[in-house]
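Next up: the structures, one after another.
The following pair of complexes shares a single chain, subunit A, combined with subunit B in the former and subunit C in the latter.
Entry: the complex of A and B
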């Protein structure tokens, strides 16, 4: 047989194999969590706080951690978005194309992206100690905001960079200022990318344990104040899986299942919303 | 449209980095007529056009000297109000560039930005200028659908309506038909030939026949220099310069 055809077949098989590995990994993860977690899953898990004492208890649920995580991730996403959108618009609309400051900013964001989350946790904790604060929901929100800021900013940046130059020119030619162009034209054109970036950042924020372990703490009650510790799902899973009691361990898988479902629901919802919001995008 | 806008270019030099893109251009653009800027590719046609509304500002490493006077005001003065200058000119670019919003919002974009908020007035403006661009009948039932769903030719007419809606005195066309099919080109050309009654029209084109059809006045550029400028008839029938002669006859292109 022709050697080029063999080559073609070989690499095609390789690519298909890689794809299958990725899909299988996802299925296995979801499968494992479902198989091990579903038996411990019940309505109480998502409607009650932990009961029954020792190690988060065998009774009740993880409502404290669900609410805590949603508060934490939402707060962090809002703060990160408020910071990253101006940065990205500055880099793309205001700064010159070959500006050193822009290059430095992008580089810094890339470096920050690579900093492990435990380092953010330690940093946040140190700052909080210096300021005389203790573990609290607010501390966690700020720390997680810093953690997801580079991810969100760079993801938004990549989509804003794709806005064609001629669209900007059209807006300028009509007498628009750069501010008007940035917030009407650029934001609208890159809305799908912005929403995806926010979603990725949310997923990263809600799933991270290391950054919240010192800064947010843990509690059995539903968070009611920004200045009190709050429970989070990743930590709940961590404690439950680390427990020496079989029933509690199983509940850890159920918690992981809840976390996965939350991320899945938000992914799907945001995709539906973005389809609605993006019909005006110029392709 | 009572004001007499007069566009005068004096000793205009434009550099892109080390490249000298326009050399000592001095020319007066006649009012309420169509001026065509012609010349081979890369001769500085678009640069000249874009210096009229300072869109060259966004080009990296650009420097300019000399002056472009609009109603006696030097728009190349660093202190000049750019948004105000641009409002006086409508630009139609090579490829239609609808903004990522609805048809209605595209036309209303300029007026809104310049302070108009009343819905009734905006409705009137949108209808008026869409009619002006003979697009109203096509889009009146789907004003709120995305502008990007229109055909390329319709998009260009939308851009025309959008440009006219800021009530400019000068219309700039940067090869506005080059991306269009023959039918759409014809329609845009027809609009341009009517526009000169109300506006001062300046059009860049590399199509000699189009220049002959549309222009009252012609500017011929070659390698960044203004070789010859004059009434269209004269320049096409009796070019003074040899380079113009060669270009008009198609010897150089």
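Entry: the complex of A and C
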């Protein structure tokens, strides 16, 4: 009897300990980035483009990368949303229950979710070469859109699935077609989920480096055309950390801090949005 | 008037049909992206496959692109080492945490901890890489390696493994929680009512019942680790040699692809070789993903 109690206590302690370890690593990561990044932060970091090249210049900031990343992630999110919303609505409204196509599509989206971003990058670059496109903002947007498509589609799917069947039936009974039901009733019902999915996908898109390394390139100026290379935050961090000059390295840490803050803001915002908008949803 | 109403109805029905058709097309396209990717990468790696045998490419250790030697062996082994270390570190910690959250923790504690774990999942891999360089690499160089009487630059299999382990925690925990939740309540209650302690219930009932799903969760984490690029690239050291201990540097496959994009086009067969390595990466990850997703779907329907 005693041994069992000791075992119980032992494993409970072990579990609490591992939970604490995992939470502590989160604090440690955010803390380290803040401690290393904050001293190098200044207003110029977020209001100026690099002076004298991102690799060697000691002055200026990373405005080019911030703007570039925002353009890239916004473009990718728009494309991914335009693709995933109809797909999810098809799966949930048009497709029959137990439809084989729906099951297969969900399966392949799940599998797609597991494909490493470097493979998207390599594939995107190959397709771009085939179409005669050079590293450019447009190439990056398309590649990142593919990368975040499964994340967004599955997240939207989760929330659309929650829409009660009787609401659909009420809509049909009033004479609405499936199309009208899907794009008015269902979308309105699952709006909080859709917005959260969009924000999650945005966060994924803005933080990914491996998929843009070939496709988007890098530049010191703020992107002004879809067909020109654009700077992105993750790559700005990567290149600045690899630079031989101490000041530039410090700027790399500050850039990592900027990216982390953006990610934190996005995840808090998505939580607030889903809490606020859920009030109007019929259950 | 009635005619008008009828025409309206007709129009709406047509829109419904057309939209349905378009949405069907999009859905099928989405399903085909994976296939398209594999075929595209295969088409691009044909040139090198035509000149070298698969055995030579996979098992030769000489990597001299300028002389036309493309042996992926050190890279594949490097990836396996790093993934192995990551899994060994991540599995016990994340399983214990998942069991704690699903079986022991108070509902409030769970509601507090789960968003934090989601946050961990949202941190970009480049930030993990920066953290690895700032914290883990010096830790290994100054403390861990000297304490076992070795010298190491810190950029090593171990550093990459630790960083990757943290990156796969959220994946394993998240899926495990779903799997544990699918274990029927009655089973747990039966076990508890027979006088089993909570841990005994977990050990003999929950974990046994959830074993396939748990393995699937671990495999999904493993395949994420296998394909992770930026963080690993920054802390693994990138030396194209088969590592002989966890304190040696390694050069995993994804890092090879990411590092060489600039020179890809000038050397003959080089781009083909790199795209072949992407294809290898894709196929390995697809295999793991497909197997574990099939298991998870069956768990969801509780066939297993």
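To be clear about the criterion, the second predicted complex is superposed on the first by the 242 of 283 C-alpha atoms of A that agree within 3 Å, B and C clash if a C-alpha of one lies under 4 Å from a C-alpha of the other, contacts with A are read in each partner's own complex, and residues count from 1 in each chain.
Here is the rule we use: a residue touches a chain if its C-beta (ideal position, glycine included) is under 8 Å from a C-beta of that chain, and two chains touch if they have at least 3 such contacts.
Every value quoted in this text rests on a predicted model; they were computed, and no experiment measured them.
Novice: Figure out whether A:98 sits in contact with subunit B (first) or subunit C (second), or with both, or with neither.
Specialist: So A:98 only meets subunit B here.
Novice: Touch check for A:29: first (subunit B), second (subunit C), both, or neither?
Specialist: The second partner, subunit C, only.
Novice: Quick check for you: in the superposed arrangement, does A:260 touch first (subunit B), second (subunit C), both or neither?
Specialist: second
Novice: Regarding the shared-chain residue A:208, is it in contact with subunit B (first), subunit C (second), both, or neither?
Specialist: A:208: touches subunit C, not subunit B.
Novice: Considering only touches as defined above, state whether A:111 meets subunit B (first), subunit C (second), both or neither.
Specialist: second
Novice: In the overlay, work out which of subunit B or subunit C sits against more residues of subunit A.
Specialist: C
Novice: Using the superposition on chain A described above, determine whether A:180 touches subunit B (first), subunit C (second), both, or neither.
Specialist: A:180 contacts both subunit B and subunit C.
Novice: Once chain A of both complexes is superposed, is A:136 in touch with subunit B (first), subunit C (second), both, or neither?
Specialist: Neither partner.
Novice: For subunit A, which residues lie in the overlap of the subunit B contacts and the subunit C contacts?
Specialist: 177, 180
Novice: Touching residues of subunit C toward subunit A in the complex: what are they?
Specialist: Per the stated touch rule, the residues are 12-13, 15-16, 19-20, 22-24, 26-28, 30-34, 37, 40-41, 44, 92-94, 96-97, 99-101, 104-105, 113, 115-120, 122-131, 133-135, 166, 169, 173, 197-200, 202, 220, 223-224, 226-230, 234, 254, 257-258, 261, 274-275, 278, 281-282, 285-286, 288-290, 293, 297.
Novice: If we count contacts the way the header does, which residues on subunit A are in touch with subunit B in the complex?
Specialist: Per the stated touch rule, the residues are 96-98, 164, 166-177, 180, 184-185, 188-189, 279-283.
Novice: Where on subunit B does subunit A make contact in their complex?
Specialist: 53, 55, 58, 60, 83-84, 86-87, 89-91, 93, 95, 97-102, 109-110, 113-114, 146-148, 159, 162-163, 166
Novice: Contact residues on subunit A for subunit C in the complex?
Specialist: Against subunit C, the touching part of subunit A is residues 4-5, 7-8, 11-12, 14-19, 21-23, 25-26, 28-29, 32-33, 36, 83-84, 86-87, 89-91, 94-95, 101, 104-105, 107-112, 114-123, 125-127, 146, 149, 153, 177-180, 200, 203-204, 206-210, 213-214, 234, 237-238, 241, 252-253, 256, 259-260, 263-264, 266-267, 271.
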